[in-house]
Structure formats: structure tokens, C-alpha cells
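Shared between the two complexes below is chain A, which has chain B as its partner in the first and chain C in the second.
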Partner chain A sequence: MKAKKNIFQKHPAIGFILFGLLLALIPTLAEMGILKNGYVTTIGGTLIYAIAALGLNILLGWSGLISLGTAGFMGLAAYMSAYLTVDLNLPFEVSFFLAVLIPTLIGILVGLVSLKIEGLYLAIATLAVAEVLRKTFEELGKYTGGFSGKSADYPTLFGLFELDRTTTFYFIIFVLVIIMILTSNMMNGRLGRALNAMRGSEAAAQAMGVNLLTHRLIAFALATIFASVAGVLYVHFVKFSYPSTWSLAMSLNFLAIIIIGGLRSIYGTVLGAFIVYAVPDMFLKQIPFFEDLSYVLNGVLIILVIIFYPNGLISIGYDIRKLFRKLTKGGAKNE
Partner chain B sequence: MSTFIQIILRSLETGSIYALAALGIIIIYRTSYTTNFAQGVVAMFNTFVVTFLFNKFGLPLWLAVIGGILSAILTGFLIDVLILRHTKNVSPVAKQIITLGLIMIVLGLAPIFFGVDPLRLPRLIESGDLGILGASISYNGLFNIALGLAIMTGMFYILQRTKWGLAIRTTASNEYVARLMGVPTKNVTMAAWGVAGVLGVIAGVMTAPMTSVTLNLMDEVQITALVACVLGGFQTFHGPVIGAYIMGIVRNLLLFYVSSVWGGQILYILILIFIVFRPYGLIGKKIVKKV
Partner chain C sequence: MSKMENHVLTVDGLSIAFGGLKAVDDLSFDIRDKEIYGLIGPNGAGKTTVFNCITQFYKPDKGDLRFKGHGDQIVDLTTKPVHDIIRQGLVRTFQNVELIRELSIIDNVLIGGHIDFEANTLSQALKLPKARKEEKKYREEAEKILEDLGILDRKDMLVGGQPYGILKKVEFARTLMARPKLIILDEPAAGLNDSETIDLARLIKRIRDQYDCSILLVEHDMRLVMDVCDRICAINFGKLLAIGTPKEIQANKAVQAAYLGVE
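And now, the complex of A and B:
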């Protein structure tokens, strides 16, 4: 076995930046007519979902804590940013900061609750929190527009650069790449190891000096921060937010993304987002019967992946290579 | 005073719906070790079967309900045999996620079978009100309360006094030892899924006349039932049922006396605060974890 690491393993950031540059080609390809123009919106949305899913991956993948509240927090940030920029005319940066800060504080409160309740209960508790938030979006019509929804504009950076769809798309990629690098650095460092230990055995982790309180709070805070960032980007990219968007169905989609793509895998999360959101929109709609079935397919995929392929689809390439190597080696021995 | 009695009577009716759903969830939790998030959508699916048999095939309502019960048993068995039986080596949280995947499957399939239009299902007893101390309740409501209590009594009698109940309780306390003692745990688990399906469809048929039969029919019932299980504690069979009745009553009291808009949310938040102080619910005991 070669122990030599290639450059991507040594410096994962380079890989993420290259990945971002690759994604940045999409609007150009769309202008050249190689891709459909509508794909830019689809892929932009997919990348936003990937950001929120990365947060959930830190929570579920690395720390082993389940949450069904992702959509609720994302929605809260979306409504807040829309209200702050449109109704209060605050600069985008300020509203971005506030719209991330306040959901995060609530997320930390949920983290405090999570210390008290066991794994299985946590899903129900977070579900109840998401339900409270969704009802709030419906009832606080003064701030959220109630059922008729709330609209926002493309962001204006530093009060100077008014972004349009394409430049907002670049902005999303920029944020995604930063979050990928951050996640990779944190999860490959001390924090990631501590969270891993906590998932394996709380007692053993405590014995090794991992403080459960702080690490659970950090995990919840990170998950909520990522979800809120995604929420802000969502409302300024899609430009609309309805209470029905932030339902349990969306939280389930986030779960589907990280389970199908791969737990504890950053590229896996992005792959999962493409499978759950982009593939139905871009390909399945072409086939008449499959259009209605995309939700069913995601459900079936979740169950199949959990039972038969717990590492997620991202490890398919690795497994095929291993199988191939095994086959060629076996062949060599036989000769 | 008459308003108060009126509220309590209405709460007992919704409470019995929540209690049936909660009992379904706890039976599956105790035998399969997972909180079944799909209970609500499976109940919704089978309520659609009832509505379809009633509206499209013109069957009398009681026959349609029996048809729905049969399809509920069938779907319960199918879910256990096709999916849950193959998850012996899967972690509890992953099992939960499997039931969440089931939600997606059922929600995707239901419109293909039944269309997207909301359907109507009438009450079992069409008309008639009964006055009690100045408050009134429909015969159908009374019937629902009585049916709920009767089913609950029957279930607890089976659980505590019969051989089958003993099998379920041994499987619940330790599946491995139960198997060693000759309990057919596979059949017990399968039966539990069937029973949960039946409880779900009965709750669905009770809920349906209050709104219309849509994909979201059981959402509120499902969330309330899950929270009721947390409130009552997952360690006993009767805890969630008590929790469900408490939630039914407190929700309506809050909605009437505190705020008709925020009553539901206040209840959830109160319960979240409650479980911070009593993590194992009203009746639950702390399970000592061994390292």
C-alpha cells in the first residue's frame, strides 16, 4: 500500500476551491446553451440545501444527535432576513448577522434540552420545536406575511454591489466553499475527534476529558448556524418564503441528503443534495411516470442505504476500486 | 360551568383519538425499539382506503371501515416483514430514520392511488346531540369516547391477562431472552405492527369527519401522539395513553382560556420545559446505563 498522500488529502481546501470553481462554470455553460437556463436556479437551490445539510451532518453524522428542526431554523432565518432587509431597510450584512445569531441562540437552547433527554426522544423534541416555529410563521402575519408568504430581493453587498441571479449564484458557491473548508478543518481536528468519541460512547468520551455540555452545544450551534446561513441565502435567491416550505417534509429531505450521500462525508453531503433535489428536477421530470415518484424514490433510497450501504453513495467509487483491485490481485495469484 | 364541561367533553373526544394513536406508537416502540414516525401517514393511507371504499364503491360505512382495518393489518405486516425485520444490526437512530423514509414513500404513493382532491368521510352516527348539565355533545362524539375507552380497556386486558399479552410484554422487556424462552418474537413484532395499524386507522376514521381526508389528515394527531408518549414516558404502556388525554384536555383549555391562536404552541413549549425536569415522563423510570 502506498502511504503517500496526494495533494488533495494533505490540503483538502484546494479540492474544495477547485470544486467551487467547477461549479462556477455552470452559469457560463447555461449562457452558452449547453445547459438549460433553469438549471442555474435548480443547482443554486441544491447548493443552499447542501449548506444546511452539512450542518445536520455535523449533528447526526459526527455527534450522533438527531434533529428534525433543521427546516424550522432555516425558515426562521429566512423570514428574519427578509423582514430586516425589506421592511427595516437594514444592510444585507447586518441582517445576515442578526438572522444567523438569533436562530443560533434558540438552537443552543435546544442543545441544552438535548443534554437531558435520550437519543430517541430528541427527534420528537426537535420536531415539536419545528412545529412551534412553523405555526409562528403562519400566525405572525405582521412580520411574515402569513400564508401569502414574504418576498425579498437579491442581496446588495456592502451597499454597493447589487447582485443578480448569476452573481448571487457565485455568492452561494463562495459561502458553500467556505463552509466546506470550515467543516473539514473542524471535523478533522480536535473538535471532530471529540464529537466522534461522544457518538461512540458518552461515558468513554467523558472519561477522556470531553465535556459533554460544551460539545453538544457546539454541535447544535454549528448545525443551526449552517441552517440559518442556508435560510438567508434561500430567501435572497428564491426571493420568496412560505410557511408551508418549512415543514417536516423539508427536514426529512435534509435527512435523506446526508443518509443517501454519506454520513461524515463533505462531498457526500453535496452529492446527496444533488440526488435529492437536482436529479428529480433535471432528469426525472423528463420521464412522465417518474415525476410523481421522486419523493417515493428518496424514501426507498433512504431505507436501502441504511440497511445495505450504511456509508452512503459517496463510498461507491472507493468500493468499486477496492473490488477491482481485489479482482485483479486474485487473478494475479491464480496465474 | 357549562362551557367548562363542554370543553372537557370535546377534549375527551380528541383525547381518545390522540390516545389511540399514542398506544399504536408505544406498542411498536416496545416491540421494535423505534419511535414510529410513519404511524400517522400509514393511518392517513388507510383512512383514504376507507373513504375510497365508501365514496367510490358505495359500500356502507361500517363495511368500509372493516375494509380499512384489513388493509391496515396488511400494511402493518408488510412494513414489518419487508423492512423492519431486516434491521437487527441497525442503530436505534437509524431505525427512526427508516420510519421517516417510510413517511416519504407513503406520502408519495397516496396521491397516485387516491388522487390529490380532498375527500369527505361522514360520521359513523350522523346526527343527534345529548345534553349533559347544560353542555351538549353529539352521539358520535360520545360513541368515539366510549369506543376509545373500550379499545383501551380491551388492549390492557389482553396485555395484562392473556398469553399473547405476556408474549408482547416479555418481548418488550428483553427480546433475546424472550426468544430463548420460546416466545415467537417475530410473530409478536408482526402482530404489534398490525395492531398499531388498526389503532391508527380507527383514529383516522374518528378524525376524518372533523376536517376532510387529505395527505395532512393525521399530521397534528401524529405530532401530539408522539409528544404525548414523551410526556407519559416510553417505559409503560399506560403512560402515553394518560399523556394523550392530558394533552387533549390541556390543549383545549389553553385554546379557550389563554389564547385561541397560541394555545397549541404554549402546550408544546410547556411540555418541552417539563421533560427537561422530568426526562423520563410522568410515569417513566430512569434506566441505568451500564458502561
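And now, the complex of A and C:
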């Protein structure tokens, strides 16, 4: 009995690229007036959050390690890239690289700490790191603009192509699709299995030859790389960074994204980001009388999702397929 | 070390104490090539501690653990970190079956091949041809093992929700994936019913013959031990009681006293 695999199961990359192409239609739809112009900004931001949330999913979903510091690392990368491109006039690519590298090194240090502490204690430790970073953003006014924030421009690629809002949006999709493909390749292979093993049982993982130290460091490094990439994209898309953005609330939102969307699900992470960030802006605010309550409604929505889809909203797809099969089967019987 | 010629594992003077309690006290035994060896003892005898010392989950206070690994190289296990033990050709199972519920059966088996993969993370992330070929090769190997154990038809099912007997087999398959020289089974009969235990005995013998390895059985279930083991080592309070064939052990007065009490 060999289950037939369709092309998307065999080559998940094709699905991710198609998904990216679909997203790339959004600015055109907005120009045609089918979608509101502001949606491009909302969705672009949502996709950026999805990138950081994917990193957290590797950490929590696959590896079973928690972090409440995602926002801090994302903010550090955002400020660094703004400073490096605006104040030091470095090319975008160079600042991108540095703004990912430095937070990642700090993330790896946290990974080292994670060998000694676990669970709630690790959550508190990562939270402390993020809060220290946020305080630094406030106090180091010379580099960060303090409370008044720091601005940046749309990226200029290779010193030639000055991007605008629409092309930066395309750039975000490009980065997201690449990160989705890399994540899928890594998590469905040896690394993903090892991280899964580590989450399941540390003793069993070690008995199977999984080095806990290296794999925890890899998990933290990947999570920080993704958060930093998201931070860089954020500051060059939103064009502004305030210390208050990179708060615990944001880190908790990332947690909400992956739990709502689905732990260990790549599409689920993107879906979760839409629920948490895009739905209140795009839909809930449109409901008359409830404009101001959109985030309250969102909270209710999140609770409903968790009650009915504890494995993440992504599993709704399987339910629909099952229902569909039932219906078609029923139809066949009637004939 | 000519003595090791036909021994896969030599335990010599093994001791470990927790606080003041000597969990294992000057224990020595050896396991021959292709032997099914039983380690028995009443509750609290220190069986699991011996086991954890061999696999380096505990670092013994004293004693030699010499293992004839791949390429007949003699290694001192005490010098190896716990995650390197499998690399020497020594693989263990767990009393309560430690599998990953959220993964398919075949992915669980592939974890046993973790150490064999050579392609680095980057080439896996980019799915370079080398990484892809490697993944395919080990996947086929895992399928072969599952076929051997008669559970190939379930390979894409999730581990969560499978019956206990199947889980035991999956864990077995995972150890075989590492091409072991010695498999240590931690109470494999725990939680199995009578007919499953008979199947297990057959399976253990078959694996020894087919995969050319030795097996150390840490077990409670006397019937299984008496049925499959070539030799048995009985311990109590961390000390050696007797070593011998199943018949000799059954007849041994000290073993009887430890299990049944003295009149």
C-alpha cells in the first residue's frame, strides 16, 4: 500500500512559490481598487511578523524551547539596520547582514544559557534579555533616537534599485518564500527530526546521538536569524521604529500566532499572523459599532480558535477536506 | 586485551553510589559476540542503574567499561559523552517507549540514523543533491527494516495512537537503524500481554541472527528471560548474585532467596 503523493507533498517548494505569487497580486488588486490601498501596508507587516513567528515556531514548536524575547531581537535588528543605512550610509545588503549577525550572536548566548534552565525559567530569562534591549533602545538616544524613534528608508538593492512601498512588499514576499522553503527543508530532514526528538525526550534524543548543546544553539540561532530578518524588513517597510513597539506584548503576539496557526506548521504560522495582525485591521474594524473593539473581538476569536482547533487553525483544512469527501461519497451512493 | 576477542562488552568492577547508597557495588560481567544476555534482579536491585552506567547517562564512580565497537575497535565507554555512545555501536531502548508521537513511524525510525547523516545543515536547508540522496538512501533503509518487522504498511501513520506492541517494534526499528553491535533493551516485556511477549521473544532471537548483534536484556519478566537468554547475570542490592545459563540461575539458591525470600 503506497499512498500517492501529489506534487505539493513531493516538492513543497512549489507550493510556497505559488503562495508567494498569489500574495504578489495584492498590490495590483489594490491599484485596481478591489482592495483598499492601506491593505498593502497591513499585509506587508503581517508577512514580516510571520517571518519572526516562523523562527519562534522552530524554537517552540519543533524544539520545545520557549522564548519571550522575539520582539527584543527583532527590535535590535531594526534599530541596527536603520542606524547602519541612515547614519553610516552603509549599503542595504551590508547592514542587512550585520543587523542579522549581531542579534544572532546574542541569541546563541541565550541558547547556551538554555542548557541550564528550562520552561518558565527560560521564558523569564529571555524576557529579561528583551527588556534590557528595549531599555537600551530608549536610553541610547544617540543611536536610536530614544523615545522619539528612529526612521529609515525603503531599501536600495545593490546600490541601484531604490524600492518603493510596492516593490518593498515584493521583496518581503521574496524573503518570506525563501524562509518558508528553507524551514520546510530543514524541518522535514535530519535537523527537524533531531529537534523533534529533543522536544519529545531529551534522554531518548541523546541515546540516538543528538547532541543537545549543538541542537539548542541551532534552534536559538535560527529563531534569532528569522526575528532579525523580520526586524530589518520591518524598519525598511514601516520606515519607523519606536522603543514601545518592541515590548512583551509583541513577543506574546508571536506566541499567539504560532499557537493559533499551528505549532510545527509553516502555512499555519502565516495564517496565525493574519488572524492576529491583519484580521482586526482589515475586517473587525469594518463591523459597525465595533470599530474600537476590534482587538477585543480578536481576543474572543483567538479563544474560540484555541477551544475548537487546539492543534491550530491550519487543521481546519483537513476538516474541510474530510467534509468534502463525505459529501462527494454521499453523492456517489445516491446515484 | 586479547581477552576481549569474543566479547562485545566487558564490565569490570563497576561501582556507583548515590549519597551513601551503593546502587551498584563492584559488579563485573561480560557479554559475548552474538549473545543474548539477561540482567535480572528483584525490584531495586540496581538493574537500571547498571544500564544507565553502561550508556553513560550516569558516570560510574569506579570500574571499567570496555566495548568492542565498529571495526572491532576497543573503546573505553566512560570517556565518551552520552550522545556519542550510539556512534560506538551501542544502542538502547526505553522502558516506557520514548518515541515522538507527532511524527510518522518512518520519521521516528530515521531518528535512529541521525549519526549517519553526513550532509551539513546548510546543504539540507538548500536540499543539495548530496543531502537529497542521503535522505533517500536512509529512508529506503528504514523501509527495509520496517518491512522486516512487518509494519511497513503503517510507515506513514503517526506514532501517536498506535498500539503498544507496534510502538515497541518501532523503537526496535529505530535501534536497528543505527546498525548496532549491542542493543540494550530496558524491560521490553513491560506492558505486553502473553502472546505479545511470545512474539517479542521470537523477534529478539530473529534480530540477533539477522542483524548480527548482541543483545542485553534488562528484564523483570522471568519467562522471557529464561526463554531467550543464553546467559544471565542476577544481581541484588547492586551486588552480583550469580552468572550462568537460565537453568543454572533457576537452580541457584542465592537467586531463589533474593526473589522469594529465605525461609
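The rule we apply is simple: the second predicted complex is superposed on the first by the 295 of 335 C-alpha atoms of A that agree within 3 Å, B and C clash if a C-alpha of one lies under 4 Å from a C-alpha of the other, contacts with A are read in each partner's own complex, and residues count from 1 in each chain.
The criterion applied here is as follows: contacts are C-beta pairs under 8 Å (C-beta built on N, C-alpha and C of every residue); 3 or more make two chains touch, one makes a residue touch a chain.
On a predicted model such as this, the values are computed, not experimentally measured, just so you know.
S.K.: In the superposed arrangement, does A:242 touch chain B (first), chain C (second), both or neither?
M.R.: After superposition on chain A, A:242 lies in contact with neither partner.
S.K.: Let me test your reading of the model: by the given contact rule, A:143 touches which partner, first (chain B), second (chain C), both or neither?
M.R.: neither
S.K.: Chain A residues in contact: does chain B have more, or chain C?
M.R.: Higher number of touched chain A residues: B.
S.K.: Looking at A:209 after the superposition, I want to know if it touches chain B, chain C, both of them or none. Which is it: first, second, both, neither?
M.R.: In the superposed model, A:209 contacts chain C only, not chain B.
S.K.: Quick one: is A:201 in contact with chain B, with chain C, with both, or with neither? Answer first, second, both or neither.
M.R.: Both chain B and chain C are touched by A:201.
S.K.: Touching A:299 in the superposition: chain B (first), chain C (second), both, neither?
M.R.: It touches chain B, and chain C stays clear.
S.K.: Which residues would you name on chain A as touching chain B in one complex and chain C in the other?
M.R.: Overlap of chain B and chain C footprints on chain A: residues 201, 203-204.
S.K.: Sort out for me which residues of chain B touch chain A in the complex.
M.R.: 34-35, 37, 83, 86-87, 90, 92-94, 96-98, 100-105, 107-109, 111-112, 219, 223, 226-227, 229-230, 234, 261-262, 264-265, 268-269, 271-272, 275-276, 279, 289, 291
S.K.: Could you pull out which chain A residues touch chain B in their complex?
M.R.: 60, 64, 66, 68, 112-113, 116-121, 123-125, 127-129, 131-132, 135-136, 139, 201, 203-204, 248-249, 252, 255-256, 259, 292-303, 306-307, 310
S.K.: Which bits of chain A are touching chain C when the two form their complex?
M.R.: Interface residues on chain A, with respect to chain C: 1, 3, 13, 182, 185-186, 189-191, 193-194, 196-197, 199-201, 203-212, 218, 264.
S.K.: Which stretch or stretches of chain C touch chain A in the complex?
M.R.: Against chain A, chain C makes touches at 55, 57, 81-87, 91-92, 94, 98-103, 107, 110-112, 114-115, 117, 119, 121, 124-127, 131, 135, 153, 156, 174, 178.
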